[in-house]
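After this come two complexes, each holding subunit A, first together with subunit B and then together with subunit C.
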Partner chain A sequence: MDITQREEKGVVVFSLNGRIDNDGATKMEQTLQSAAEAGKSKMVLDLSTVQYINSAGLRVLAEFLTVNREKGGELYLSAVNSRVKRVFQIVGFDNFFRMFDSTVDAVNAF
Partner chain B sequence: MTGKRSRQWQADLTSLAEIRAFVESCAKTLGANESQTSDVLLAVNEAVTNSILHGYGGAGLVRVEVDRENGQLCVCVADQAPPFDPTQHITPNINRPLDECGLGGMGIHMMRALTDEIVYHAPIEGGNELTLKKNLSEDV
Partner chain C sequence: MMVYDKMIIAADFAELHKVSEFIEGVLDRADSHARSQMVLAIHELCLNIVEHAYAGAPGSIELEVFLEDGQFELQVHDDGPHAYFGTPEIVPPDPNDYPEGGWGLYILHQVMDNIKYRRLEAGNEWRLLKNLE
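Showing the complex of A and B:
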């Protein structure tokens, strides 16, 4: 999985491309933690080109969201396709993550 | 039964892509639609990943059998790892806040939610057989 990042209005936007499987989850965890350690707390994950997420990916996102919130930060998800959104709904995570139709909306929500 | 297909792979995460392709091909042949196939692929991925990472924790073999029985797509994931019955695993309480609900068992929860029935069997000769069943017709 490829991850690129940029900053918009003080919000770090990560664009993920590919499958969030075990390897992808590890890469995503490292990327998010690096940003957190660099003092970033407002983050958006653009999932527009992610077609798949497994339980390892969900676990990483949930754990990171929990820790980040304890530090006053937030992590929003944007452009989540229906298949990935269904996985979030299945495990009940759609209640915990704020999802936006577009990355622009997510950034503006901070 | 309608033409059971079976293949075996090394218990390694690099085998997952081939296993998914195998199951996807079989599922379509056996009449699963896109949504049913997608759900089963996610569930099988979790089952095989559990076997590889938590069952063996090292070298071994994973056998995957796909069949259609009584209007259900049945995918059996078999290994020779120490016996473990995931159907006895407690489902995480997803109605509680994330920091309270505990995130263990997420894969098993996904398997349950994505399929209609999960059957575990411990063969007398050892290992595990976990069969994931997905209804293909409304009259099941």
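Showing the complex of A and C:
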């Protein structure tokens, strides 16, 4: 999985491209933690080109979001496609994560 | 017309992409959402087999698919020395509590219509059923 990151209005936007399987989840975790360690707390995950997420990916997102919230940070998801959204619904996480139709909307929500 | 297919892979994380490809291929005419959910669920089961049934021991996973009139059945066998659990307690994941394990099997139970599991003398057997219509 490829991850690129940029900053918009003080919000770090991560664009993920590929599958969030076990390897993808590990890479995502490392990337998010690096940003958190660099003092970033407002983050958006652009999932527009992610077609697959497994339980390892869900676990990384849940853990990171919880820890980040405890430190006053927030992580929003944007452009989540219907397949991935369905996985969030299956495990009952669709209300735990704030999801936005577009990355612009997510950035402006901070 | 009944479709039957079978695949045997090594019980190795690096081999599990073949499971996804196998299920994608068998279900190539199914609704894409149903297909992607089943690929995810079955992949999660195989992850569990590698991680818990074999727990580092070498071995293989055998998958047999029967597809007829929209009824999908998958039988999964392994020779893993460990059982998963005596009585599976399937509870929804709590996003505020993220222990190792359990989420994949929850997904499996949510996606499939019926799941039968039994511990064999040496190994484990799963039978998964899904109505695709």
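Please note the rule applied: the second predicted complex is superposed on the first by the 110 of 110 C-alpha atoms of A that agree within 3 Å, B and C clash if a C-alpha of one lies under 4 Å from a C-alpha of the other, contacts with A are read in each partner's own complex, and residues count from 1 in each chain.
Convention: a residue touches a chain if its C-beta (ideal position, glycine included) is under 8 Å from a C-beta of that chain, and two chains touch if they have at least 3 such contacts.
Computed from a predicted structure; not experimentally measured.
Q: Here subunit A is shared; do subunit B and subunit C fit on it together or clash?
A: They clash: once the shared chain is superposed, the two partners overlap in space.
Q: Using the superposition on chain A described above, determine whether A:6 touches subunit B (first), subunit C (second), both, or neither.
A: neither
Q: Which of the two partners, first being subunit B and second being subunit C, lies in contact with A:87: first, second, both, or neither?
A: So A:87 meets both subunit B and subunit C here.
Q: Mind sorting out which residues of subunit A both subunit B and subunit C touch, each in its own complex?
A: Comparing the two interfaces on subunit A, one with subunit B and one with subunit C, the shared residues are 21-22, 52, 54-55, 58-59, 62-63, 65-66, 83, 87, 90-93, 96.
Q: Under the touch definition given earlier, write down the residues of subunit A that touch subunit C in their complex.
A: Checking each residue of subunit A against subunit C gives 21-22, 51-52, 54-55, 58-59, 62-63, 65-66, 82-83, 86-87, 90-93, 96.
Q: Please name which positions on subunit B make contact with subunit A in the complex.
A: Result: residues 13, 16, 38, 42, 45-46, 49, 53, 94-95, 97-99, 103, 106-107, 109-110, 113-114 of subunit B touch subunit A.
Q: If you look only at subunit C, which of its residues touch subunit A in the complex?
A: Checking each residue of subunit C against subunit A gives 13, 32-33, 36-37, 39-40, 43-44, 47, 92-93, 95-96, 98, 103-104, 106-107, 110-111.
Q: In the complex, go through subunit A and note every residue touching subunit B.
A: Within the complex, subunit A touches subunit B at residues 21-23, 52, 54-56, 58-59, 62-63, 65-66, 70, 83, 87, 90-93, 95-96.
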